[in-house]
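Presented below are the structures under discussion, each in the form of structure tokens.
Here come two complexes built around subunit A, the first alongside subunit B, the second alongside subunit C.
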Partner chain A sequence: MASAIPTFTKIGKVIRLNKHGCTNRPFYHIVVQKVKRKCYISHMKISITLKKKYYTRDNFDGPVIEQVGSYDAMPNSQHEKLVAVNFERVQYWLAQGAGMSNPVAQLLGLSGFLPNHPQTLIQSWKNRREPPRERKLQPIKGIAPPLDNPKI
Partner chain B sequence: MFARSSSRIFNVINISCIQSRSARAWVRKPLGSPMAKSKMFRIAPKKFIPADEKAEVKRLYDNYFHQMKSLRHYFFEQSLEQAESGEVAQMKHRLEEEEHIRLMEENRLENEKTAKLREEKLKIQAEKTRENILASLINKEEETRLYEIQIEAFLEKQKATPFIQAENIEKAIEEALANPVDFNFAIDLDGYVYRGRETAIEKIPEEERERLRSN
Partner chain C sequence: MATRAAMFTFSKFRYFPILKHRVAKFSVSSNLLNASALEPGYSRDPGEVFFKENVQTLLERLTGRDCDKVFHNRKLGERLEPPKYELLTQAEVDHVMAEMEVKLKRKLQMPPLLKERDPIKKIYSFNPELQGFDDSKYVFINISQGITNRNREVVVRDPNGVLREASWEERQRMCQIYFPVPGRKINVPKMFEEGNIQNCLDRDEFEFVLDRACAQFDPDDPEYISVTRKTYDFVDENTKYTSLRPTRHFGPMVLHLVLSKKMDNLLFHFINTKDIDAAANLVRLFHTVADDTSPTEVDEFQLIENYIQGPALKKPALELAWQSFLEIEKQRREVHSQQNNASN
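Presenting the complex of A and B:
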């Protein structure tokens, strides 16, 4: 469908969540990253000498250009999930033609900077229809749950 | 058991041949191997989404992408405007102005220098050309003088030769008619002349032979 507004060409940069933190405690950095290529192998257990000097957790893509915020997936003592976003820089990168991953788009929609992502609405009516499935591990609220596996 | 098929690993430059005790990475099932028993008659469950929900989802996404597209363009235009009027742009503009003035000044000084040099060179050249011209004029004069002298000499020579003027013409005709010139003669290698068409060499005695002198 031809439109009056021309389409943006991809500049090879994307605003996405980079996972940091540790086991059972995810913490995301909202970063602007260069997209190199699609990698089909995500978990390698052989020792490999890559082009880079060390195996980083940069999702096999280019290095991080700029950190533009953070997202703490674990709710704090006030039951809040804290998100920090530098809207000016996000606007700059969007103006340059950077892409966005779904979670980042959702967060920005919830914040009010962008329109609400359809995924949030879809998820909310699904949640209303049936409650989300039971997860084995409860989210850590500062103190780990007691071990009830007698085998350990 | 089956032989381990080779797995192509993408974008890896070196695989070190150090022994590693960890498990081998599973890339994919070998191409020739049969389907597992547990998976033979499996039908993957397909999610059923009612039509109205699908329509709603499509509507939401269409709206969202439309809005995002317009937003991106808006941001782009804002960035362009800012680029021209923002602080950074103003500073850049100021710096560029200063640079421009500085360079123009430099250029002016350079031009003055070269102008001076050029003038000196031109002066010297002008002198040279003046001298050249003078020399050539003098040469020309000399040549014309010599030429005139030559012409004079030539004319003298020509005048000396006996010309037939308009007054002498009748006299000259009568003279010519009175003295016909006979060209019927032969010349010997030694220079003896034998006149007449029917003269034979043996018939003339030696004493009476003419000789054309090589004057």
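Presenting the complex of A and C:
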């Protein structure tokens, strides 16, 4: 591989995470998709700030060309996060010039397929310096613990 | 000495003499593991013995082929159909019999007897700089087509930054999640725990336990080996061989008993039920396994007698049974010869 982090072309194929699952339960498909640049919904007669709020990436991205894996972001009962990757196809698409999004590059770095992503190292260092924010509410005995709400 | 100790505490990863000792231990430890697994009297690797051609033919002959019992209706939650009666020509009957032979062979294919597998200990990389990235470990599985589950790459990144190959349990769980095998659960069923297995065996459900163990585990899984050995030993102690006789589990059971030197109960059972062919085959198997020799006696009676006089462990019971069998044989032959004389 020429570089550890492949370049992200504006129009081209990208290997990225598509979020599925539901509220409080993220589940990602690792997909190969054709990506165009960000588009605003130009026909709507509203201010540009509101348009920026309403732009959707999904409408202007191509359909999923191929699903190449999955990533379960919720740890299971054995405290594992399961990642399934079809490395053979990932290799093919990378050879065809597909780009990779940041999270996918990080995941593949963790798996050993690619070298460790610098973002992973930066995040680890930050977490060690200052642990991620803890819950402020303590669970009361007999009542179910509150949902993870960082605003409380 | 003091400086060496100090070096060790400050930079564990640069000081390697202790590693050499560990490497030596690993190369020897496989034998130690086998020794503990082979406690119940096994002197050798069962895998080497099981796959020999002569051993396989002997085990097949011992299992026999009781078609009614092999193809009996199993309670699997499916709808049972009543038997069909058809009128066929001889050629069609032969064709159907040939098909049945193939099916019979498949149903009677014996699950192998192997030694316990060594635990996986391979580490790909050690990245302490990744500590703190996440609390949970990441398990990666390669879902490419064209590789068997045994060869599939399953890799774990621990929270301490170590990238290692997944252990056998993790690997089996992951393969079952993404490439499910029918009849296998992701987590080990509670039936295979200590107290619960005994419960099943007390109810004489040997075939069920063994079939489920076959579906759930690989043959070199330590759990599979312990479950099957427990079942075989229980069957042997209570001499309930008839329920397992026509199944695919009879062969491995017999080999287990021969290897752990417990075949006398089985021989006793064969003599009592007057199954001399099976008794002779069992003695031949014993000789094949023990010295890799095929005994020279052609006469089966002589073969069995030599075994009872020689290597048998439960001599009194076997001699008694053998003597009573010989008397019955003699009487039967006398009656037969009298009948022949009378007819002549």
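The definition used in the following text is that the second predicted complex is superposed on the first by the 101 of 152 C-alpha atoms of A that agree within 3 Å, B and C clash if a C-alpha of one lies under 4 Å from a C-alpha of the other, contacts with A are read in each partner's own complex, and residues count from 1 in each chain.
The rule is short, and it goes like this: a residue touches a chain if its C-beta (ideal position, glycine included) is under 8 Å from a C-beta of that chain, and two chains touch if they have at least 3 such contacts.
Bear in mind that the values here come from a model prediction, so they are computed numbers and not experimental data.
Once the two complexes are laid over each other on the shared chain, residue contacts for A:Leu110 go to subunit C alone; subunit B is not touched.
In the superposed pair of complexes, A:Leu121 makes contact with subunit B and with subunit C alike.
In the superposed model, A:Asn24 makes contact with neither subunit B nor subunit C.
In the overlay built on the shared chain, the residue A:His79 is in contact with subunit C alone; subunit B does not reach it.
In the superposed model, A:Glu88 makes contact with subunit C only, not with subunit B. Of the two partner chains, subunit B is the only one that A:Gly97 touches; subunit C does not reach it. When the two structures are aligned on the shared chain, A:Gly69 is found in touch with subunit C, with no touch to subunit B. Shared interface residues of subunit A (contacting subunit B in one complex, subunit C in the other): 116, 121. For subunit B in complex with subunit A, the residues that touch the partner chain are 9-16, 18, 20, 22-25, 27, 57, 60-61, 63-64, 67-73, 75-76, 78-79.
Interface residues of subunit A facing subunit B in the complex, by the touch rule stated above, are 3, 5, 7-8, 37, 39-41, 43-51, 91-92, 94-97, 114-118, 121-122. Of all residues in subunit C, those touching subunit A in their complex are 124-125, 127, 129-145, 153, 155-157, 163, 170, 174, 177-178.
Touching subunit C in their complex are the following residues of subunit A: 69, 75, 79-89, 107, 110-112, 116, 120-121, 123-125, 127-128.
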